[in-house]
Each structure stands twice: as structure tokens, then as C-alpha cells.
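I have a structure I would like to understand better, so I am pasting it below and will then ask my questions one at a time.
Chain lettering (A, B, C and D) follows the sequence in which the chains are written, and residue indices restart at 1 in each chain.
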Amino acid sequence: MVDVQLSDAEKIYILHGIQDNCREDGRSCEDYRHLEIESNVVSNTTGSARVRLANTEILVGVKAEMGNPAPEKPDKGRLEFFVDCSANATPQFEGRGGEELATEISNLLSRSYDCPSCFDLSSLCVLPGQQCWILYIDVLLLECGGNLFDASSIAVKAALFNTRIPKVTVREDEGHTELEISDDPYDVQRLNVQSVPCIVTLSKIGHSHVVDASQREEACCLARLMIGVTEKGTITAMKKEGSGSLDPASVEDMMETGKKVGQDINISLTCVLKMEERQGVKRQTIGFLR
Amino acid sequence: MAGLELLSDQGFRIDGRRPHELRKIQCRLGIFKQADGSAYIEQGNTKVLAAVYGPHEIRGSRGKALHDKVLVNCQYSMATFSTGERKRRPRGDRKSQEMTMHLKQTFDAAIQTALYPRSQIDIFVEVLQSDGGNYCASVNAATLAVIDAGIPMKDYVCACSASFVSDTPIVDISYLEESSGGPELIVATLPKSEQIVFLEQNSRLHEDNLSKVLDLAVKGTKDVHHVLDQAVREHVSQVSAFENTDQS
Amino acid sequence: MRGEIESNMAVDIRLAGTRETTKRAVPDEIANLVTPGDVITSDTGFMRGHGTYMEDDKLHTSVAGVVERVNKLICVKPVKTRYNGEVGDVVIGRIIEVGQRRWKVETHSKLDSILMLSSVNLPGGELRRRSEEDEKMMRHYLKEGDLISAEVQSVFSDGALSLHTRSLKYGKLGQGTLLQVSPSLVKRRKTHFHHLPCGASMILGNNGYIWLCPTVSEETGTETGGYDQDLQPVTKGDRQTVARLRNCILAQAAHGMMLFDTGILYTYEASLKYPVKDIMKPEVMTEIIEITNHRQEVEGS
Amino acid sequence: MPTDSRRITGPETSQSPHIYQKTNGTEIVLIDENKKRQDGRGLGDIRPMFLRAGIVSQARGSAYMEQNQTKVICAVYGPREIARREEFSWKGQITCEFKFATFSCLHRRQPQQDGEEKDFSVQLLEALEPAVCLHKFPKSQVNVYVTVLQDDGSALAAAITCASVALADAAIEMYDLVTGCSARISGGHILLDPCHTEEYRSEKDNTVNNGSVTLGLMPSLRQVSAVTSKGELEFEHVKKAMDQCLEVCQKLYPVLQQSLIKSVKEKLEMDKLSDCHTT
């Protein structure tokens, strides 16, 4: 995590506040900060999205490339997650400084996408055993304001929703096959992201837990639970992180909250993305010029 | 150039520009809250973010501190999705290390380094989308970010590229023009004092034509300066206008 | 538009495009605006101040800002910069290192600031001699991460600041919230310590660090220089006041407004019709800032 | 690297033959009609466990653990001073390295750590950290190395248990031991301590409620120090699986204690013997 130093008294103030269900910015424990999203922001990607959650800024680009399927899964494509913590976010990330955090985020993302029932990899298959689409999902972290895991997963889902893979027609030609990739921007294949998960991080601070912790709150937190939650309310990956431990009962409580908030996020995200899509091509990309 | 006409008979380039025309520049200062200065620039489809931290105490080994001036520390990095074909690493390859060095040299020359002995200024550049002229856009974005951070500079540093196609010099070349194998000249100047702080030329160019190409590129930097200056003035006016009304 | 319908929802996701651009009509360029490299004057009778440099017998600008002239001195103040300390400034800083007879303090300056052991009040009275015992106890008084309020005592030749806390109003800070804004938004004023009528105290550090805490009665806390801290839970009401102030100040800072006690109170009062957390929503922010602006114009004239 | 010139070298990127094995078109049946698993265990039965502390003589502390064919060895070194310390800290540090021996799995593992092993290293670290009194060795570091000699399922859980015993054997002060347990969820069934064939694999098990849960518990404090899950699961099933793992973790505790007592006794006897020799 990105280090913020706090004095003992500040920590106590935050801790008691959370106990009182009144956080430093007036939110209650289960409130999310307001989140802004825009997709299709990088034109040379197959799909992209930008998410801003308070001071956390994330840009995700998806690139589809052709490749060979893994031999143990000949009829499936692949997702490759890569996270880069830009030094723009904090000088701590300069050089290889952000690598540890980056691997942690990409590991959890790939784990939460690693179940066929939530993302159908066979839709990425072109020619079984020979050719498939590999989706490189590159997450770029541009500014840190806490809750990086959740924000990354939301941006990834939005970018996948935005992804349009060119249609491929397979033609048999005298024994050898030929692939023809359509260059019509409307002749595309969309991905089904209906049951794709979003990550919800529950930070245990004192005896209570909060969602969407700010950086200062993260500095007070010794143990957090990260859960990949789908729209249906199922769980696709779970992980405890941090140097502290949790009471079995509070793990259950946190899972309960995570399920509720996770479903909320998924539902309103889908709703917003569909709204954006309805605006169609008329919509002007705002990006970083605002 | 087989099959690809970089300059049509009517004198238009592939993207419809005339030889001396820059791509559309759009920029904004103060993108990030946490950095001391930040800026974003779009030059055509080349999009770059820059953040500046400092001047601040030297981080890491104190040994790096310079007793008579500030340490300018740069990092050039490209998003893995920024290029047509996906990049495997955002930085650390030879090309970006070279860019990092060039940026450092460029800004060492422009920032008034003697004002902040023993401290450090970080300039981080992130290319989000690349369509030729990455160095130029990086320099231009970083200039804006340095200004946004309120760090004293002798002048703006503006960069521009140029090439030479069918006996005509062309300015601010795009990726397509860059990769066609023709000559490429990159220059960074302090536009008001008309000094060159960085100059690089690749590939073959007849010496007779050098001055023509260089002149056009230098003119390009002045045009860039004009646009950037406009943006800075607008930004400052907006912020300080507000401050002044509050004090009354 | 979603926000209004579902303002009480736990999760609030919006499209970047639906945000109304808060861009005010581009004002006319203000007078005396200069950008780096501009020539201010070629008259050699002037003195070179901050933000300017001399070349070819001409006075040039090195930052973007407005030219200010005091008699023969010309300087340009940039809109945003790191904190440039001056003697007598009130600052808030965080201890980052405990060294030999001194603490290093982070104050958002270009170099870390210094707090000498001899420049602090130790428990037991001002006139007490500093013993070797005290040197060993330094981390006991102030340790890494602790926040202090202090005054700039002097500026070293390289620009680093030397601080002191030898007054009862300075010292270690207890429970409360720290905000960071640009130092240029905090004006130098007679007092930077405010006990606001809404029940919270505020220290506006010249370095852009702002401290908010529930007001404690005068007798407790200050006497000891803050070394013995009251870690009892703060009441929920006080907490909400502090949180509201925090959000109001951040809203002002986001709109580039200068920060001082009355302005902050105006915003605070304008915000009272909204729940605390809603102040973070952009449209609410814009609204209360507009009300504040209007009120300032009316009362200022 | 010396190569055998007489051997026919395979293609540069070779594949384990196991992936081409036909599964006869039928799904592997995890549970038969008598509610028994393939190896004859009931759903809630765990495999017999062999645990021994203090087996690597050079290490400060060590442990070896077997659960039938899953075999894990762990060595602990330190505390030693951190050579390159960036920031002052009153707390000590633990590092964990989790490695599958190259020959331990069905397919060959690379000698360098791969992504999965790095992920396991982090999870192992986070499972152990809460149990160790870090403040007791400021400015220094404890290194934990876990090698899986043979993997027949539940390797991470075994690694957690084994490493906590090794830490205790190294006389590192701890609040509690940590025990680990995994569970496989398949449909409505929960299979504790799954072996390799029973482990969840995303490429095969593609319906909802197929997955696995691993839990690390500090048994005497009854605090969860690690919990991970894989596969799409309903919350109810995760909770049930966690509860069952919790019970198993608690049951394992005496086994850990006994092995530690045994190793301490042995050490004391050794000391006595050497004392006899010297006097």
C-alpha cells in the first residue's frame, strides 16, 4: 500500500469515528465515495475506461491479440492482467517501486476472473487448438487516493464492457484454413460481462469495518478482506490482506457487507455503462481535458 | 515510398495537414491533486500526462544531493496499451531510458537549478497514447507541469519534430511519417530567448537541407509555445481572478 | 442527474460526461500577468525579487503569475508552489525523523525543517534546563508520525526552516483531522488559530496544512504542551462538525478560493442544509461555493 | 548447464503428457453413492498427518510435514539484521519464500518462482505475520523458506501449518501457532483437505459453486489469519466451508503442540548428553 504516516492521536480519532459510524469525511461505514467513469478514452485499444474515485485515478486499456491457446485449454482464449503503478501517482512508485502492489492487484484480478461461470473464455476461441484471442488487460494507476483494488476492478469491468473485438471468419481453402479479420468497425464481437465480478475491500479498523477506505483510513487498518462479488451476489475470489488477524464472526460480517455493497456496485455500474452506450457516437470524449 | 504517398501532389499530408501545420494541441494544467504540478497534453493522437513533485528533500540516499543546485530526476514511461502493438514493459527498456536521460538534460538546462541547493525535483512523464513525437509531447507536457508547480524556469521549453519529404520539409510528424524511414529531426528550444537546448537527428538528410528542416522545426516550437502560453495564461487568470475577488 | 434521485445510495457511480463543467466564463486576462521568459523591464533601477532573473541587463520572469512591485523590488508570485517559509509563519508539520538534539519535520517545504530540542517547551516549565536525560527522552516527547504546530524561527542559508514551539499555543497536536491545500490559498494574517463558533478549532498553517479538531476547554491540554494527550472518544456531534468543516474547506480549495475564518464559516453555514457526506458531491460543492461567493461580495462591498 | 548429448532433446517448449490424457469423456466423480471420496475418505475426513520439528540441522528452526502424498519442508533463518533498511521501524520483518520443487507436481516446475508461487508466498506471509511478535526483534528480519517436495493437494494449507511450527522451533516469539486447512466445494458438498484430483481447476469445473477455500487459524486465540477462495461460490457455501475448516484447524492444534514438545525434549536431552561429556 502507499504509505501515509499518521500520529497515534490521529489514528485514535479515525478509529473512534468509525466506531461511531461517522468517518472523517462524514460518510458512514458502508458509504462509497462518489465515482466517475468514462469509457472509450484511448483510441488505439480494443476497449478502455477511466475511473476516478475521489483522488484515485485509474486508466485501463484492453488490447486483443491473436495467439495460440494453452494446450490444456485448446478451445479457450486467455485474459492477461498487467498492472502498472505510474510514478505520476507518487514518487514511491518510481522505477520498480510500485511492482509489489502491482502484482498484488493483478493477482487478485486474475484470480477473481478465473472462473468460467463468470467470464466465458470460450467466446475468445477462434480456431480450437490453433488460434484464439488473448486479451491483455492493462491497468494504469495514475493517482492514489485509497481503495485501489476496488477502483481497478471497476475500471476493468467497464473497459471489458467497452471492448469490441473484430469479427473473424474462418475459411477452409484447399486443406489449409485462412483467417479473415473484419476491418468494419461495426462488425464486431462484444463480450458478455454480465456476471463479471467487482472487487470489494472491507477494511477492519478497530472493532468495525468500512468500505472504500481513504488513504488515511488504510493507514489505520491492520487487516482487510477483499472479495470479488458478482451481480448475482456470488463470490469469485476472496483474500485476507494485511498484518492483522480477524475474528471468525467478523469475517462473516464483512462478507455480508461485501456481498451487499458488491451487488450495488455491479448493478449501478452496468446501469451507468448502458446509459453511456445509449449516448452513442455523439458523445464527446472528455478524458483528461475538462 | 512504395504505395504510401506522404505528401500528395496538392501538397497535403496523409492526415490532411499542410507541410508547415502542427497537429491540434489541447492541454490542461493541474490534473492531479497530490502532485505539486501536473499537466496533460494532446498533440493529435499523441497523449501525454506529466507530474512534477518538488522541490523536496532528497529521497533515498542522501549522497545524490548536489550542494550547489537542485537534482532534476526524470522518468519516462509508456503505458503498455499506448502503442499500436502492445508494449511488454512500460519502462526500463533502452529506448525509455534514453528518453529519461534526454528529458533530464533538457530540463536541467531550463530550470533555474541554482535556486534549490540540496533538494530534488521529480518529473514523471507517462505516455498514454503514442502517435509520433513522443519526446516532443513529453517535453511540452512536462513544461506545463513544471510551470504548474511554480518552479522557476528561464523560459518555456518547447519541442517539435520535423522531417523532409519529396523536397519539402514537414513539421510535427506523426507516427506514420516517423516510421516511413525518412529523416527525423527533433529540437527543443527556449522559444523566447531562441536557444536550442536539445537537438537530435536520425537517418539521412542532405546537409543543404538541414537548415531548412531545422528552421521549420524551430518555428514549430514557437507555434507550440504560443499555444502553451495561451493555456497557461488562461489557467493563471482563472485561478488568480478568483483569489483576488475573495480578498476584497 | 442520478445523484439527485439516489443521493442516499451507498454507491454513487456517474459518467464523467454528465458532470456540469464548473468552468466559469473565461475571465479576461488579468493585468500584469507574466509567464516564464517574459521581459518585465529593461530598466536597471529595479531590484530582482522572487520569480525573476536578470539576463542581458533585462529583468525576466521565471514563473507564471502576477507581477508585484513594492518600491524598487519586483517579484512574481506563482499561483501554486511549495511552501516558502518566512520568519513568524505558523506552520503544521509532521515529525519524520528523530535525530541528535533535533527533530526533522515535514512541512511541505523544499527541504525538511528542523526543530531543535532547545526550541521546544518541555513538560515542567519553560525555564528548565535541557539535560542529557531529555536527549534520551526525545522520542518519548515527539516521535515519527506525530503532528505539531510551530512557528518559523529562522531560515537557514539553503532555505531550510528552523521551527520553535516555545509558546503555549504551539506543540503536539492531539485528536483531529489534517487537510492539505496549496500554501498559496492560506493568507498570512494576524492569527491563524481560530476557535470557531460552530464548536471546532482550526489552525490554518501558512504551509497549507490545516488542522481541525473539536474545541477543548482552555485549561486542559495546552498547559502540558500537548505531551499528555486526551485520547477519550470525541462526541459524534463534534465529529460531524469537524467533518463538515473539512468538506467545506476542501470544496473551497477545489474552487481555488482563499481560505480564512469568515469565508470558511460562510461555506459552513451554506452547507448546513445538506448532510455532511453530500458536500463531497460536485453539484453540491458548486452550489454552496456560489452562495458563499455571493455572500462575500455582498458583505464585502 | 551440462546436457546429455546422447539424449534426444524434446522440442524447446515441451508439454507434460498429462494434459493430453483423455479423461474418457466423463467427469471425475468426486463422491460416490456411499458418500465416499475416491480414496475412501468421508467428506469431512482429513488425511493422516505426520509432523516433525527440527529436522534441518543448519537452520535456526525447521519442520517437515506429510499428509499422505503432500510433503512439505520448511526452514527458518534469523532473526538477522536487515542489510538495506529503508526506513526506521520498530518492528521486525518476516519474509516468506514458497517454492514447489521442480519435480513436485504432475508437470515440471521451473526452478525460478512463478506467479502462482509468488502469490502463495504473499499469502503465507500474511497468514504468519499476525502470529509473530514482530516488535521483539526490531530492525531485523526472519526468513521463512517453504519447499513443497510433493504436491498432492492442499499445499498452501500444509505450508502454513508447517511454517508456523518451524517458526516456533526457531524460538521466534509468537502469540500463537497457525494451522491451515483447505476445503473443496463441489455443488452442495464440501470436501475437506482435498487431494490433487479433488482440487478446484477453473478449466474443468465450470459451473457455479465449484471452488475452494483455504483458511489459516490461530487456534488458541481463535483468530483467522488467512482466508482465500477460488471459483464462483455462493456466500452460504463459503461460510459453511470456512466453519468446517475452522474446526479442523482447531483439531490440528494438539498435533502441532506435540511435535514441538517432542523436539524440545530431544534438544534438552542432547544438551544433557553434551553436558555429561564436558563434565
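Observations on the structure shown:
Convention: contacts are C-beta pairs under 8 Å (C-beta built on N, C-alpha and C of every residue); 3 or more make two chains touch, one makes a residue touch a chain.
Remember, predicted model here, so these are calculated numbers, not experimental data.
Shared contact partners of chain C and chain D, listed by label: A. Comparing chain pairs B-C and A-B by the number of C-beta pairs in contact, the larger count belongs to B-C. Of all chains, the one whose Cα centroid sits at the greatest distance from that of chain C is D.
Compare each chain's C-alpha centroid with the centroid of every protein C-alpha atom shown, and the nearest one belongs to A. A straight line joining the Cα centres of chain B and chain D is 52 Å long. Annotation: 32 Å between the Cα-based centres of chain A and chain B. Chain A and chain C have CA centres that are 35 Å apart.
The multi-chain contact residues of chain D, meaning those touching 2 or more other chains, do not exist; every residue touches at most one other chain. Residue positions of chain C with contacts to 2 or more other chains are 144. In chain A, the residues touching two or more other chains are 290.
Against chain D, the residues of chain A that register as touching in their complex are 71-73, 76, 103-104, 107, 111, 114-118, 223, 225, 230, 233-248, 251-252, 255-256, 259.
Per the touch definition, chain B reaches chain A in the complex via residues 26-28, 31-35, 38, 40, 42, 45, 47, 49-51, 53, 59, 73, 75, 77, 79-84, 86, 90, 92, 122, 124, 126, 128-129, 131. Those residues of chain C that touch chain A in the complex are listed here as 2-3, 9-17, 19, 21, 94, 96, 144-147, 173-178, 229, 231, 233-234, 236, 239-240, 242-244, 246-247, 275-277, 279-282.
Remark: chain A residues 5-10, 12-13, 16-17, 19-20, 22-28, 30-38, 50, 52, 54, 154, 211, 261, 264-265, 268-269, 272, 275-276, 279, 283-284, 286, 290 touch chain C in the complex.
Here chain B touches chain C in the complex through residues 30, 36-37, 54-57, 112, 116-119, 147-156, 190-193, 229, 232-248, going by the rule given at the top.
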